[in-house]
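Two complexes, one shared chain (chain A), two partners (chain B, chain C).
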Partner chain A sequence: MTVFKACFMIVKRHYAALALYFSIFMVLAVAMTALSADNFSTDFSATRPAFTLITRDGHTPLLAGLASYLREHGNEVVLDDRTEALQDASFYHATDYIAIVPQGFHDAFFDGEPLKIETVLTTESAKGYYADRLVTQYLNLARLYQAAGDIDEETIISSVLKDLSIEAPVEKKHFGAGAPVNEGFQLYAQIVCYIIIVLIILCISNITSAFRRPDLRMRNLCAPTKPRSFSGQQILCGAVVSIAAWLLLMTIGFALYGSQLSGTDGRIIGLILLNTFIVTVVALSLASLASLFIRSPNSQSAAANLLALGLCFLGGVFVPLHMMGESILTVSKFTPTYWYSTALEHICTLTSFGGDVLAPVWQAMLMQLAFALAIFCVALVISKYQNQSERFFSSIQTELEA
Partner chain B sequence: MFRNIYWKRILRTLRDKATLFWTWIFPIIMATLFYVVFANLDVMGQLHEIPLGVIDTESYQQDISLHSALESVSDENGDTLFTVSLFGNTDEADIALENGDIDGYVLYDLMGDDPTLVVSDDGLNQTLAKRFLDGYLQIKNSVSIQATERLSSLLEEETYTKEISLSNNPPTEKVNYYYALLAMMCLYGGFQGLITVTYLQSNLSPLGARQAMAPVGRMRMVAYDLLGGLTMHFLCLLIAVAYIIFVLGTDFGSKLWLVLLTCFVGSVLGVAFGAMVSLTSKLKEAAKVALLITVTMVCCFLSGLMVGGVNYTVAEKAPVVAWLNPAARITDAFYCLYYYDTYERFFLNIGIILIMALAMLTVTALFVRRQRYDSI
Partner chain C sequence: MIQVHNLVKRYGDLIALDHFDLTIHKGEIFGLLGPNGSGKTTAINCMLSLLKYSKGEVKLFGQPMGPNRYALKKRIGVVMQNVAVFNELTVIENINYFCGLYVPDKAKRKALVEEAIDFTGLGDYRKFLPKKLSGGLLRRLNIACGIAHKPELIFLDEPTVAVDPQSRNHILEGIRKLNQDGATVVYTSHYMEEVEQLCSRIMIMDKGKAVATGTKEELKAMIRTGEKLTVELHALPESILEEIRGIEGLVQVDYADNTLTMRYAAGGHHLSTVLDILRRHDISFGRVFSEPPTLNDVFLEITGTELKD
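Entry: the complex of A and B
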C-alpha cells in the first residue's frame, strides 16, 4: 500500500489550504442557512407584509386607526417622505407596500368623495396586494359605519377596529408521522453539495497531479507495482478522502441542526444522508475526470470553482428549480446536481413511505449514480488515452515548480 | 518609449492566461449563470391564482353571500384570486391538501356557524385565503339584519387606492446582481495594478531589476504600464457590459454613456487598488493576490453580489461603511442611472470613486518614487 500511503502524505501536505477552503465554505453555508432557519409550529401563523404609511394629511383618528390596524397585521418600515428614500426602499424590497395619504384625504373621505391613497408596490407583489386589501377593508368598513348614520369619527373608528378583530378560525393539519424537516437543515443539505464537489475536486486533483509529474511518473513506471494496483490504490485513497469529507460535513450538519430534527421521521433523515452520500460518489467521479485536465495549481482552483458553481447554479442548488425557465430546466436535467436537488425536494416533502411515493426519490438517486458511472467511464477512457500520449509527459506542474 | 511600454503591457496581459480567466471569462460565466437562474426572480413574489377548496355542504349552499363573494374573486373573466374546487367531503379535500393540489379548504359547521379555513402550511396564499374569510365575517358582522340581504353587494369593495410608479424604469431584483458583478469586475482591475507594480520593483522580480536600468523615469514607466493595464481592463468591462446588455438582454436604462463612464472610473479605482496592495514588498505574490481577492469579495458581498438587498441594509444600518465601500459606490452609481431621474447621487458616487482612486494612486506614487535598493 505504498501508493495509498503516499496519497495520504500529499493530502496532509495540503492540509492548510484545504482547511482554509473548508472553513470559508462552512462559514458561508452556516451564514446562509442561519438566515432562513424556521421553527415548526402546529398553529397557523399569518404572513406579515412590510408596509410604510406616509401621511401628508396630519394625524387624524381615521389614519391613526389605519396605522394601528396595519401594525397588527404587518411590520412597519418607517421612511422619510423623500422620493429617493421611497425609491430605495421599494427597489431593494425593504418594504412591500408604501401608502401615501394625500393632503385633504380625511375631509374628502367624510364628505363622501374620498381621495385616492397613492400606493407603491413592488411589481405585482403578492404581499403588497395583501397590504392593499387590509387598507381597503379598513376604509370599506369605515364607509359602512359612516353611511349608517350620524356617528362621530372616534366611535366609527373604534367600531371598525372592533369588527376588524373578528377572524375566521383556522385549523392547521399535519400529514405524516413526524415534524417536517427543519428548513435550515434542508438548506444546509442543499449547499453541502457545492462544498463536497469543490473539496473533492481539490483533494483528488492534488493527489493525481503530483503522481503525473513527469519525473515521478517515469520513476513509478519502473517500480515493481502493477499499473492496476497503482491506479486502484489511488482510487481507494480518493474514496477514503471523499467518505471522510462526507462524514465530516454530515457531523457538522448534525451538530448545528441536530436539536431541531428531534421530531423528524428517522427514515427521512436516512434518505437525506443517502442522497448526500450519492452526490459524494458523483463528486468523486467528477474529480477523477477534472483532474485529468488540471496541469497547474492555478487551473486547479479555476476548474474546481467553475465546475462546482456551474453545476450547482444549473442544478438548482443555490436557487430553487422553480425559479428557472422551462428551457433551462431541460438543460438542467443533464446535470447530476439537478437530480440531487430533485431527490432532496421530494424527500423533504414525504408524508408516507409507500412504493409509489418513494419512486421519484429512487429515480433521482439512480440518475445520479448513472451520471457518476458515465463520468467515471469517460475519465478511464481519457486517462488511458493520455497514458499512451507522449505530450502529457512534459506538461504537468505542481506547486513545487510553480 | 510610451508606445513600447504600453504595447508590451497589452501583449503581456493577453498572454497571461490566469488573469484572462479571472477578469474576462469568469465574470462572463457568472453573468450567464445569473441570467439562467434568475429568469423568474421577479415573478417569485407575484400574485398567482390560489387553489382553494370548499366542502360542498348544505350550509355552504345556503350561504348565498359567501357564494357570490367567492365568485366575485374567482371570476374567470377578471382578475382571479382563487381557483375554487368543490369537494364532497373532508377526506377528499385532505388528500388534495396533502398532495399540494390546493393551498387550503373552507369547511362549514366544524366550529359553529362560521366557515373554517383548513390549511397544512403557513404562507402567503394561506394568509390571503384567511384574509378573504376574515373580510367576509367582518362585513357580515358590521351590517344590520336588514342589510344582510345586500351583504353581497357590500362585499364588492370600493377602491380607495391607486398604484403609482416612483421611477420610469420598473424595480427589478435581477439588475442589482449584475451591478454588483460589474463592481467585482472593476475591482478585479486590481490584478492589473498588482502586476504593474510587482513586476516593476527590482526587489520583487528579475524583470523589475532589468527595467530599473532602462533610460526612462520610474514614474513614467509605472504610469505607462498602468495605462496599458487600465486599457485592457476597461476593454474587458466593455465586452462584459455589451454581453450583459445585448446578449443577455438585461436593461441598464437609457444612459449607456454614463454606464460606460462608471465602468471606466471603477476600472481606474480597481487598478489603483491593486497597485497600492502590491506595494507591500514583504508579502509574496500569492499572498497579495489572496489579499486582493478577499478584500474584493468582502466589498462585493456588502454591495449585494451574494445576497440581494445587503447593500441597502448596510447603507441604512452603517452608512459610513457603505460610503467607504468602493464596490457599493460602483453598484450604487449603476443603480442611480437605472432608477433615478436625477443625477446628483450618481455624480456624488463618481466623485467618491475618483477621490478613492486618486488617494490610492498618490500613496503608490509616494512609495514608488525615487525607490532605491541597497541590495536586491
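Entry: the complex of A and C
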C-alpha cells in the first residue's frame, strides 16, 4: 500500500489550502442557512394588530362592541383625534390600523344607509388588513342581525360578539413522517453538494497531477508494481478521502441542526444521508474525469470551482428548480446535481413511505448513480488513451531535451 | 548482465536507434557516451521497456525484458535524467516511497532508506521538501530514490547534469562505491571526462549507432592521433614552423595567438625534438603542456564532429 500512503501524504501536504476552502464554505453555508431559516418558520401564533379607533360619533353600544371585539384580537393604541398625531403614528408604524368613525355613523347604520368608516393602513402591513377585516366582519354581522327584524341594539351587539367568539378547533397532525425536516438542515444538505464537489475535485486532482508527471510516471513504470495496482491504490485513496469528507460534512450538519431534527422521522434523515452519499460518489467520478484535464496545480481551484458552480447553478442547488425556465430545466436534467436537488426536495416533503411515494426519490438517486457510472467510464477511457500517448510523448521529450 | 541485439527504434521518420547492439558484463561500470540526441536515453528506455521498439531483442540477467517482467524490474534501479521525485513529499518520504515499491517489508525498508540517506549525504535534509533543496542535493535525492532498494543493475541517465563540482564528486564517488558493493552500472553522459574517469568500458554513440566500444585505452588506441603538445611562444618565424612541421610523426602543427599546438601520431613522443629546435634558434618559450588523447579526439576522428556541445 505504498502508493496509497503516498497519496494520503500528498493530500496532507495540501491540507492548508483544503482547510481554507473548507472554512470559507462552512461559513457561507452556515450564514446562508441562518439567513434563510427565518423565511421557513412553520410555527403558528395568532397575529395581534395594533389598532386605533377614533370615534367622532360618541359612545354608542355598536362602537363599544366594536372596540371590545378589536381589543380581543389586537392591541389598542390610543391617539388624539388630531391629523398630525394620526399621521405621525402611521408614519412611525406606532399603529397598524386607524379607523375613524364619522359623526352620525350610528344613526345611519341603523337607518340602513351606513356611512363609510375612514381607515388608514400602514403600508405593506398585513396586520392592518387583518384589523380592517375584523371591523368589516363585525359590522357585516351586525347589519345582518339588524336586517333580520325587530331586535334591539343591545341584543344585536351581544349576538354578534357571541357569534364572533366561536372558534373552530385546529389540530396539527403529522402522518407517518414525524416533524417536517428543519429548513436550515434542508438548505445545508442542498449547499453541501457544492462543497463536496469542490473538495473532492481538489483532493483527487492533487493526487492525479502528482502521479501523472511524465518523469514520475516513467520512474513508477520501472518499479515492479503493476499499473493496475497503482491506479487501484489511487482510486482507493480517493474513495477514502471522499468518504472522510462526506462524514465530516454530515457530522457538522448534525452538530449544527441535530437538536432541530429530533422529531423528524429517522427514515427521512437516512434518505438525506444516502442522497448526500450518492452525490459524493458522483463527485468522485467527476473528480476522476476533471483531474485528467487539470495540468497545473494553479488551475486546480479554478477548475474545481468552475465545474462545481456551473453544475450547482444549473442543477438547482443554489437557485430553486421551480424558479428556472423550461429550457434551462431541460438542460439541467442532464446534470447529476439536478437529480440530487430533486431527490432532496422529494425526501423533505415525504409524509409516508409507500412504494409510490418513494419512487421519485429512488429514480432521482438512480439517475445520479447512472451519471457517476457514465462519467467514471468516460474517465477510464480517456485515462487509458492519455496514458498510451503520454508515455510515448514524455519519452521523446526526454530524449530531445537531453 | 545486459544483451541488446539489433535494436531499432523509430520516432516516425527519425531513426533513434539504428541496429544497436550492446553487451554489458556483471560488475562493470559501462558508459554510454555521445552528444545530445545520439540515442543514449532512448537505448536505456528501450532496455527498461519504457519504450516499444520496432525491432530487436533486449535481455537482462539472461532473460527477455518486457513491461510485465516484474521479477526483473525488482533487481533494477533507475536514476532518471530529470529529477523524478514528488514535490509534496519530504526527502525521507520520497526515498521511502520509491524503496517501498521494491521492498514491502517495513523494517527492512527503514534500514535501506537510512542507508541511502547516509550514502547520498542527505542526513541533514531528511525532513526537507524537494523545493527547498539545491540542484546538487536534488540530484542526490534522485539517486537515493533509485538505489535505496540495493539493485543489482543500476541505470544512471546523466545524473550530474547541472550539478556543482562538489555534488558531482560526491555522486561519482557514490557510483564507484555502488559498483564496489557489487552493482553493475550503466552510466550515460555527454561529459567525456566523467565517463573516462568512472567507466570500465565505454560505448561511444552517434546518431543512434554504436560507433566504438572498449576500455578508454582501447578506444584511444583506435585512433591515429596521440599526445597533444602546446607551447607558449613570443614569436615563431615561418621557417622554424616549417622545420617543426618536418618532424616525423607529427600529424598536425598549428601556430596562432603565440601558441604552438602539435599533435603526434599515436605512440609518438617528440617533445625534446621540438624544444631542441626552439633552443637552437634562440626562440624563448614559456609554459609547455602535454595532453594525452581524449575521448573527444576519439569521437572527432571517428565521426568528424566534436563531442563537446
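Heads up, the rule we're going with is that the second predicted complex is superposed on the first by the 249 of 402 C-alpha atoms of A that agree within 3 Å, B and C clash if a C-alpha of one lies under 4 Å from a C-alpha of the other, contacts with A are read in each partner's own complex, and residues count from 1 in each chain.
By our rule, a residue touches a chain if its C-beta (ideal position, glycine included) is under 8 Å from a C-beta of that chain, and two chains touch if they have at least 3 such contacts.
Quantities reported herein were computed from a predicted structural model and do not represent experimental measurements.
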Partner chain(s) touched by A:R219 [first = chain B, second = chain C, both, neither]: second
First, second, both or neither for A:L161, with chain B first and chain C second: neither
First (chain B), second (chain C), both or neither touched by A:A210: second
Which superposed partner A:H14 touches (first chain B, second chain C, both, neither): second
Which superposed partner A:P169 touches (first chain B, second chain C, both, neither): first
Touching partner for A:T351 - first (chain B), second (chain C), both, neither: first
Touched partner set for A:A6, first chain B, second chain C, both or neither: second
Partner with the higher number of touched chain A residues, chain C or chain B: B
Residues on chain A engaged by chain C in the complex (per definition of touch): 2-3, 5-6, 9-10, 13-14, 206, 210, 213, 215-216, 218-226, 391-392, 395-396, 398-400, 402
Contact set on chain A toward chain B in their complex: 32, 35, 41, 44-47, 83-84, 86-94, 99-100, 114, 116-127, 129-130, 132-137, 139-141, 143-145, 148, 159, 163-164, 166-175, 298, 302, 306, 309-310, 313-314, 318-319, 322-325, 328, 349, 351
Complex contacts: residues of chain B adjacent to chain A: 17-18, 21-22, 26, 29-30, 33, 36-42, 44-48, 94, 97-98, 100, 107, 110-111, 114-124, 126-128, 130-131, 133-139, 141-144, 154, 157-167, 170-173, 176, 307-309, 311-313, 315-316, 335, 339-340, 345
Chain C residues touching chain A - in the complex, by the definition given at the top: 11, 16, 36-37, 39-42, 45, 48, 50-51, 67-68, 70-71, 73-74, 76, 78, 80-89, 93, 97-98, 100-102, 104, 145-146, 158, 190
